[in-house]
Each structure stands twice: as C-alpha cells, then as structure tokens.
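Structures given as structure tokens follow.
There are two complexes below, and they share chain A, which is joined by chain B in the first and by chain C in the second.
Moving on, here comes the complex of A and B:
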C-alpha cells in the first residue's frame, strides 16, 4: 500500500508532493542563508552608508531575498497552496527544472552583483527571471481553481502580481546600470524592494499564516472578512507607498506606510486572536521567533515611515531595510523549523507502517536553540553596528549570524538524516 | 471556515475535546512533579485517568472508524489518496498505542501507580500526546477544509446523524 500511495503523489488530484521537491528548495535556502552572512561580513565596511549600487551588500541582500526568501517561498507554496486550493501540482519535472534554473540564476546574479559584472547580472537575472515566470505559471494554474481558503488564495493572487512587478523592475534595474533607463535608479531600487518585501514575500507570509498558525496552534482559521480587509488595505498602502517612492513624494510614501501599518495591525490582531482561542497550549520554541517577527513587522513600517519623513538621518534607508529583512527572515526560519519535520513525519507515515518517527524525533532542538540565540544576537548587533557605523560590530554580527545559519543547516540535515534512517530501517 | 460543513464542525469539536485531554495529560507527565508517582488519592490524577480510560476505550475509536468508513472513501474517490492513507496509518498507530496504554491506565485506576508503572505511563502518554496532536493538526489542515465542498448539504446532514447514532 505504501508504494501504491506513493505512486499517486504528484497527480493533479494529489495534494502531497514527493518530499524531495519541497525539500530541495529548503536545502538550497539553508545554503544561501549561510552564504548571505559570509558575503555580508565581506561587505561590512560598506553597509552603514549603503545607498544602492553593486558590491557585496547588494549581493548579500539578493542572496537573502532570492536565495532564502523566494527559494523557501517556492518550496513552501508548492506544498501549502494545494491545501488552500484543494488541488495539487502535477508537474514534478517542471518543479525540479525550476529549482535548477533558479539556483543557477540566483548564484550567477549574486556573483555579478558582488563583482559588479554587468553581463553576469544580466545572465543571472534572466535565468532567475525565467525560473520565476515558470513558477508563476504553475502558481496561476493552481490559484485559478479557487478553493476553500478564499483569503489565502486572494493573497496568492496579489503575491503573483507583485512578483511580476518586482521581476520587471529588477530586470530593468540591471539594464539601467548600462543604459540608464530610470531617471532615478535609487528610487526605482527602493520601489523594487518594497514590492519584493511587502508585496510578494509579505503577502505570501500573511496568506500562509492563515493556514500555518491555526494548524500549529490548533485554532480556528481567522475570519475571512477581516483577512481580506487586511489584504485590501495592505494592497492600497503598498500602491500609495510605491507611488510616493517612485515619484519622490516622501509624504505620499509615508502615508502608504501608515496605511500598510493599519493592514499589518489587522493581520496581527487576527493572529493574536487566533492564538488566544487556540486548543494547543504549548506552542514550542518556534513561536518565540514568530512573535519576534510579528514585532518586527510594524517596526519595519514605522522605520519606513520615519525614513520617508527624513527622521532617521543618513542611515534611515539601511535601518529600514534591516528591519524589513529581519522581519521576513525571522518569520521564514520560524516557519521552516516547524514545517520541515512536520512534512518529513507525514512522508515517514507513508513509508513506515510500524511506528514512524514523530515530529519531535525528527527535530534536533539543540541546533535550533543555537540558531535562535545567534539569529537574535546578530540582528541586534547589526542594528547597533549600522547606527554607530562600526564595521567590527557588523563583522561580528555577520559571523554570529553565520554560526546561527550553520546551526540551522545542522537542524535541517539532522531532520533529513533521521527521516532517511527511519525509512531505511523500516 | 469549517461552519460551511456541519460534519466538519462536529469533527473539529471532537478534536477540541481530545486536545483538551491531551493538554491535561501532557501537563501531568512533564515537568518536575513527574519524578515521583502521584498519590493514589490525588483528585486530578483520578479524574485524568477516568477521562483517559473513556477516551482510550471508545471515543477515539468511534471518531476514527467514522472517518475511515465515511470520509476517506469520498476523498479517495476524487483522487486524493495520500492524505487519507497517512491519516488511516496514524489511526492504526494510535489504536495500537491505546492498546498498550489502556491496561496501564486500568491498573493505575485500580491500584495506583508504582514507580515503574508511572515511568511506563509517562513514556506512553507523551508518545500518545505527540502523535494525537500531530494527527489532529493534519486533519485540521488537510481534511476538514475539504469537507465543505465534498458533500452535498443533505449528505452532510446525514453524516452528522450517522455520527450521533453510532456514538
């Protein structure tokens, strides 16, 4: 029966993907996470006064946004979206192809950015862009079927639109370095970042929170009306903020931030309400990071508003970017540490009839503890290093972050190793 | 969300009751107090063991059988095979675990715990808590949301009646 059930995995009606598909995206994200800290340490000197342009800081940012955020989002959405739409993806080879293309593209793009090689940037951007377009095609095919979780599907639609927008602006930014299409490349880059972080990743984070938080905490899915209100207000805030950022209207950008803050507060209110009504009392250590991420989300918006109003001084942009990336990274790593052993345990239940390993048995808690302390310390030190413009503090922060990323890789490998050991011994 | 389907809401309510019991059980078998067996006249332990006895003897079995006979075949019929398969496997595992745990609970209700039986109870109880919670998480995410579109209103009502009659 195990083989019979496994044979169905990957069919259009089947919502559970073969484990190797989401896990290859998570594995790549784990490696890019370590690479991002290494490159940030190498570019520590440039970070406090970074105002855009090629070099290690830009490479580190894209190792994080493409290599960690988008990579994990692809892996997670391919497995989680079928839960919302009740329809699986029947394209395992295409998904594997997307993975290769996106890895290669992200790597070449990051190398091009690090060394400021325009052709490498163009080639990497094209490959990554192609992978993103194929992923979008898969996503659209799944989203158009609708599904039970209307709010999650609606977040998916807007995330798709944002992904298209950020891809177009991102590729144009590469071209503009040679041919100068944009009058103000810095403002275009900020717009690209806003669409990427709040648009694509933020909307996916909001949408999947309505599936994952209720599942882990065992609570009711938040009310659809309020989730859609948060989405609508957030989208309006993003459009206003983008308009302000693109055309250099700072007050408009700040108003967009305020509207976005309202959307974030509605979302966080729904999350808090869901946790208050939860059946499961013990949430586990991952929820420390989830709560931290929930704190960093409004902080990033407040920093963005303050930056737009010129209240943060010369380093406002870097402080805003740090809080924004910190929110997404913290949230993502918290979610990954819950879904990796959870998915592995589901697949173990298919392969092993007699006592498959539990989620706890597949979770190496020590590396997760090390990661949590290192992650928090590195973010704090990065903030201090940027504000005081201390390269040494930034290097120390990046090295601590690297230790944390290494510990997270240890946790991931341990989960895979324990899963394989259980399957082999069964 | 689940209110769309009466049977989904009923199964969700059952989950809630089971999770409440698992929370109490986890509280009782973790932490410092678990180093020594509770006293025979401890009221909280007596109540917990009575509830566990009922749960292990019948309640969960009824819930599992109902899903296997009425829900999983409908999912399999629309081509969703892996999730019902995993849930059925977990039902078997939880039944098996309950068979191990039930005599320990019955013995403790009759004679209280010894140091050895308490240690055995704690180990089995923790495994039961983890597997039950993980199983319910999967059903809450992967099963209940599908039910609103899976059954017509009439069939949804029939299933509620069927569940009540069999309990």
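Moving on, here comes the complex of A and C:
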C-alpha cells in the first residue's frame, strides 16, 4: 500500500479547484479547436506538400497542439492529478494567471506563424513557454509528493522531461527562422514534433488513461508492472527515434518507431483487458472515439515507420503528421466529452448535496453525435485530400471539422448552462 | 461484470457499513458501487480517509443520495459518508 493512500485529506475543498478554473481551460480549448479548422481551411492549398516553415499550416498545427491539446491537458491535470496522487492543490490565482498567459502566448504565436512574423512568434513562444514553465512548477510540486498510482506519476515525470525538451527545441526553432541555430531546421522540427506528440502529449495520454479509463468504465487499474514496462520501452523507442530523426538516420528512426509500437501495444493490451473487467455495461459514445483513438495510435507509428523507410512517397511526412494529430485529437475530445459533465456533476453534488444533476442530465447527446460524425468524416477526407493533393477536398474536410468543432462547443455550453441552472435553482 | 466485494463490510443498527480506508483509487469507488448492487433499501455508511468526490456523480446516476457525517469529521482521522436511495 502506498503511503499516500493512508494520508488523510478530508474535505473536497482541499483537493478540488473551483469549477471555473479547469472549465476555462476547456472553454479555451473549444475555441482554439474551431480556430484550428478555420486556419486549416485557409491553408488548404499548402497542406499536401507541406514540409515545414511558417504559414497557415504551421499556425493550424500549433492551434491544435498548444490551444487544444496542451490547454486541455493543463485543465485536466490540474484538476485530476491531485486526486490521483492524493495531494492537495493550491494556487488558484497562479492557475488563473497561467491561463491568461498561455492563451495570450498561443494566440500571438499562432498569428506570428500564420503571417510569418518572427517577432510575434518569438513573443508568443516566450509567453506560452513561460506559462508552460509555471504549469510545470505546479505539476512537479504535485508529482514530487508522490502518490498511490506509481505508473501515473512515472508517466507524469517523463512527460515533464519531454515538455522541457520540446519547449527548448521549439523556442530554438523560432530563433532559427532568423539566426539559423540549427543546420537542418526540418529535422529539428520533426524531432520537436516527435517529442511533443509521443513524449509530452502521448505520455500524458498513456498516464491519465490508467486513471480515467478505470474511473469511467468502473474497472480495476491495470497492472503497474506492465504499465511501467510500456513506459520504459516507449521512452527507449522515443530516444532511438529522436536520435534517428535528429541525425537523419532513417533506419534508426524506423527502429525507434518499432520499439514505440511495442510499447503502444502493451498499453493497448492493458486498456483492452481493463475494459473486459469493467462494471459499467454501457460505455457510451465517448468510448467509440476512445477506441478509434486506440486504433489511430499504432497506425500513426506504422505511418512514421513507413515514412522513415521512404515507403509513403513525397507526402509521407504530412500523412504521418495527420495520423499523429488525428490520434491525439480523437483521444482528447473523447476524454473531454466525458470529463466535462462528470466534473460538473461532481461540483454540483458538493454544492447542492441533495439530488444533484446526473452526468446523463448534463450531457447534450445530439451535438456530441454531430461532432463524432463530423470529426470522423473530416479526418477521412483530409487523408484523401492530402493523398490526391486536392485542395477542394481539404477545404471541405476543414469545414466539416469546423461544424464538428461547433457542435462540440454547443455540447460544452449546454453542460455549463445545465450545471448553472441546477445550482441556481437549488 | 460486477467487482468482487472484498472490502470489510458489516451490518450495524444504523445501516450497512463499508471500510475502504486502505484502498488505492479507484478501488474505494468500485467497492462501494459493488456494495450498492447488493442493497435495496436502508443506509450505507462509508468509512474513508478522504471525501470520495468522484463517487458523487455515480451515486446521482443510480438514484442514491449522500450526506457527509459531520460528527465523524470532528472526531478526526476518518471521513464518513451516509448514502441512501430515494427521498427521505
């Protein structure tokens, strides 16, 4: 038994942030999600042959990675990690400050990337980087105090290391645009992308899955030995892959991808096993997207391996990047659609005490269904548009994605409105 | 598939008790929900080290109410939660 489990941490107020704090991160992610599709539609012409550098494609990628992925990860981890590690979280004002700083930084960075303004990129990157460092400080404080869930905490530590690495390379890449720090900016950009996707976001997705999937499916936490084995193998794969990408050693990059694939299959095996033993019979539509994301994860690694071995032709890099973003976006939106009503119901139960609104009552199902169909259709059409180099198909895909993102915003606003109505009427 | 009820639980005059103090998350929630499946009426009193906040949405979804037992908080070292089905 971990020592954390025996620590008394009495009331909810010691471990729960005000709902407005995690929800403002989620709200920003919802807005950035819509913005990413708009910007992608504007850059549709550049997408099939995109090989790095400033412009709408780079801006759209960072609207997703910073504005949606990192923003949601911040909101979710600041709320969920204290519960997972059985520690309290303080500093709500600092968290609010981080939110402002990160929003401003991400917005300025995306504008700088869109219009290729170096100074805006540098300013936005610095502000976003500062916000990330402050967030890391909070995260480290929580991880340092340990917790009952060893595998989750271990994933958190490595995700922090990856975040520091990708932040350093990202800022250096911005400076490279003007002063040429890296001899090969494209290889450095690929390394930055690998650390961001499989290092920071991937490790957080893996780690939080060991808490969230059992919590939402009502099942046992997967065995820690296998979870740690997946983490160790994945970290080795990432280092090998990075080495190959950084130094242009394609076979080495492909071997890293194969090792990463092994780690991913162990993780997915643990998830499938956990679902087999679940108490909840009906998992709901969120798990359709979670299962889709679980399929996209190995697909992204296979695409990466194929690209490294030059089996995907000239558009291999774009296809690999799309599969990566598709995996993370699908997983994240699935988790968000489950977390938002769950957290709202939990806060309502604490505020109202008697007969709080249920998760079902707080979930607007129709917009979620619209989002799911639009999300899947847009990803599919994007793939087709890239492979056939058809700008029109990419524009249509982006517009369908925008409709889906709008539906997701509708779901989010409905949850907030229903929560407020329940609390006010009580 | 229902979780196997392994946490200590006993019947007392004020209801059925379950002690989940030594379990790592999310085991307390699984054990409490497993107990709920075996109880039709009456009170259940949960002994915990902390307020089981993630349990509340699950209770609401199943039509159970909850109430923090303030007396137990005052005694220190333990958090007690009374849960019951329907209105009272």
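The criterion applied here is as follows: the second predicted complex is superposed on the first by the 413 of 426 C-alpha atoms of A that agree within 3 Å, B and C clash if a C-alpha of one lies under 4 Å from a C-alpha of the other, contacts with A are read in each partner's own complex, and residues count from 1 in each chain.
The rule is short, and it goes like this: a contact is a pair of C-beta atoms (placed from the backbone, for glycine too) under 8 Å apart; a residue touches a chain by one contact, two chains touch by 3 or more.
Quantities reported herein were computed from a predicted structural model and do not represent experimental measurements.
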{"item": "Partner chain(s) touched by A:355 [first = chain B, second = chain C, both, neither]", "value": "both"}
{"item": "Partner chain(s) touched by A:282 [first = chain B, second = chain C, both, neither]", "value": "first"}
{"item": "Touched partner set for A:224, first chain B, second chain C, both or neither", "value": "first"}
{"item": "Doubly contacted residues of chain A, that is, touched by chain B and again by chain C", "value": "1, 5-6, 8-9, 11-12, 15-16, 83-84, 86, 148-149, 211, 214-215, 218, 220-221, 279, 342, 345-346, 349-350, 353, 355-356, 358-360"}
{"item": "Chain A - residues contacting chain C, complex", "value": "1-2, 5-12, 15-16, 83-84, 86, 148-149, 211, 214-215, 218-221, 276-279, 342, 345-346, 349-350, 353-360"}
{"item": "Chain A-facing residues of chain C, complex", "value": "1-3, 21-27, 29-30, 33-34, 49-51, 53-54, 56-61, 65-68, 73, 77-79"}
{"item": "Chain A partner contacts - residues on chain B that touch it in the complex", "value": "1-2, 4, 15-16, 19-20, 23, 26-27, 78-83, 85-86, 89-90, 92-93, 127, 130-131, 133-134, 136-138, 140-142, 145-146, 148-149"}
{"item": "Chain B-touching residues of chain A, taken from the complex the two chains share", "value": "1, 4-6, 8-9, 11-16, 83-84, 86, 148-149, 211, 214-216, 218, 220-221, 224, 279-282, 342, 345-346, 349-350, 353, 355-356, 358-360"}
